[in-house]
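Okay, so chain A shows up in both of these, paired with chain B first and chain C after.
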Partner chain A sequence: MSQLYKCRSKPIVSIVDESTATSTTVNETLAPSGTRACLRSFSGFSACTKHENSSISSAATSTLVSVEFQDGSAVTVFKFYLPVFPPSDIVDLGGNGGFGSGLHIPGPGILFDDGLIVKMVVPPNPLTGDNGGQICGLVDVVYSV
Partner chain B sequence: MTNDYSQIWYSEEPYDVGGSTTPATGVQVISGRSRVHAIWVMNRWVDSSTTLTLTRPICLLDSSGGNLLYKTAFMNPADGTSTGASKPLMPYEHYFGGNGILFPNGVWFGVDATDQSGSTSTSSKTALYVALLYTGGVNT
Partner chain C sequence: MSLGYCKTFVKEIDVTSADTRTELDATLPDRFKFLGLTFFPSRDDPAAGLGTVNQCKIFNGPTSSDPVMTFLMLTGSINVLASNQGNYVMFDDTYLEFDQGLYVEVTNAEFSDAGSPFVLTLMYT
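For the complex of A and B:
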């Protein structure tokens, strides 16, 4: 007989102000070490408020918001970079961020048999003025325990 | 669709899998009988151009230089008028449906030497991240 597990979900968000010289890390323990969890799906995006802010940019992985799915011992099972869809015009006409990615995992999901931790790292956001403004990362995780 | 848990293989350097230029004949990334169910690619902006740049197709083969069972290509999300410093990172997800694509002896990941126009320029390397969702085998 198949055993059914109820899904849970967790939004994880980090907003970083301008003039922040170092990266910002958020660790969310969805299942502690010694327990099983199944990652079903996730969706997320990153954003910056000003198009001249290069703190989030696909120019390099160091300027992207990363999400690591780790086991209970903080060993990374896989890593992902959140999409960003900045305004490309010289005038900020709006429509920045909110461009998500629905990442379904085929079958039951990915098994984490010894805990599940989600680690999100938002890059430094050191500048101000036209190159400043807030940046953010957000990931919604659906999982079962 | 499978009842097995998914496994994942991913690379942050899809053009240099294994530490050297990924050949069109492939680098083995999954061993054993496997079904690949999906591919995720994060495609990045690389230059400002009014020409839509083709990128080098990514291939999945059933052995080194063997049968090509899956191939996908991408467009560079270029913007010839872009002045912004923040450049986009575009997700591309392809779910194969059904029971996925069967690879009897493992999966070889390959990248074509040229884009679809025959160009070998570095601007045709736009994939920043690739992941394969599969069942049955193990990462090499």
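For the complex of A and C:
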């Protein structure tokens, strides 16, 4: 006999328009400090919508979309960078795959016994035209409380 | 207690209105355990807004404020099939509870038409 766990989910989306000179930070509190939550699985993508946009690139970690799972004191427990979901090539064929169900936390999950906060940082997106368009980061988080 | 075999529900729909929730199917029970979902928008039209991030959102019910899941869709400058498919599969002993039916909403309706529908397969029990 096994226990089944009813979970909650939360999509966290940050869409950044072109001509945005600074990075965009989203802090989403899934469980406030003083309460418990268990991280079970998540998936995520970043995206740029124009083929010459290099706002999301491997030039530096500051040009990638970062995601951190933090406890209620803003201590980072888990950090990763999102894979990009880009236009295919120079004629903008559209979205180009990516991954779906991303990371399965082993065993019963990661226990956050003093709050669970998701912090996502999307880099600046300063240019326009073929170098512009919107960029974004997206994570779907499955957790239990 | 076991989840038992996974049931599936396959639906091909033409989403004709942006930012409008559509019930996946009235014959699907309102209450079920969500185990996973795949979707494939089989049309990619530049009218869907090149340079714009489009999303497919899954809701529990017609009025809930937050989506249960969100997936990205990007368009190209010519009308071709693009790899905009998405999926989420629950792991092991976890599920999401739906109790008001499954509704779909897209931010742009140009990712499907009558001949090139949205194809969704729901896994549930």
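In this text, the second predicted complex is superposed on the first by the 131 of 145 C-alpha atoms of A that agree within 3 Å, B and C clash if a C-alpha of one lies under 4 Å from a C-alpha of the other, contacts with A are read in each partner's own complex, and residues count from 1 in each chain.
We adopt the following convention: a residue touches a chain if its C-beta (ideal position, glycine included) is under 8 Å from a C-beta of that chain, and two chains touch if they have at least 3 such contacts.
These numbers come from a predicted model, not from an experiment.
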With the two complexes superposed on chain A, say which partner A:His104 touches: chain B (first), chain C (second), both, or neither. both
Tell me which partner A:Cys136 touches in the superposition: chain B (first), chain C (second), both or neither. second
Which partner does A:Val77 reach: the first (chain B), the second (chain C), both, or neither? first
Have a look at where A:Ser57 lands relative to chain B and chain C in the superposition and call it first, second, both or neither. first
Quick one: classify A:Phe85 as touching chain B (first), chain C (second), both or neither. both
Have a look at where A:Cys7 lands relative to chain B and chain C in the superposition and call it first, second, both or neither. second
Between chain B (first) and chain C (second), which does A:Ala21 come into contact with in this model arrangement: first, second, both, or neither? neither
Intersected contact list for chain A, partners chain B and chain C 50, 85-88, 101, 104
Quick check on the complex: what are the chain A residues that touch chain C? 1-11, 13, 15, 18, 40-41, 43, 45, 47, 49-50, 85-88, 91-98, 100-101, 104, 132-136, 138, 140, 142, 144
Under the definition above, what is the set of chain A residues touching chain B in their complex? 38, 48, 50-59, 61, 64, 77-90, 101-111, 131
Which bits of chain B are touching chain A when the two form their complex? 1-8, 10, 12, 37-38, 40, 42, 44-45, 79, 81-91, 93, 95, 100, 128-129, 131, 133, 135
Can you name the residues of chain C that touch chain A in the complex? 1-3, 36, 38, 44, 50-53, 55, 57, 66-78, 80, 82-97
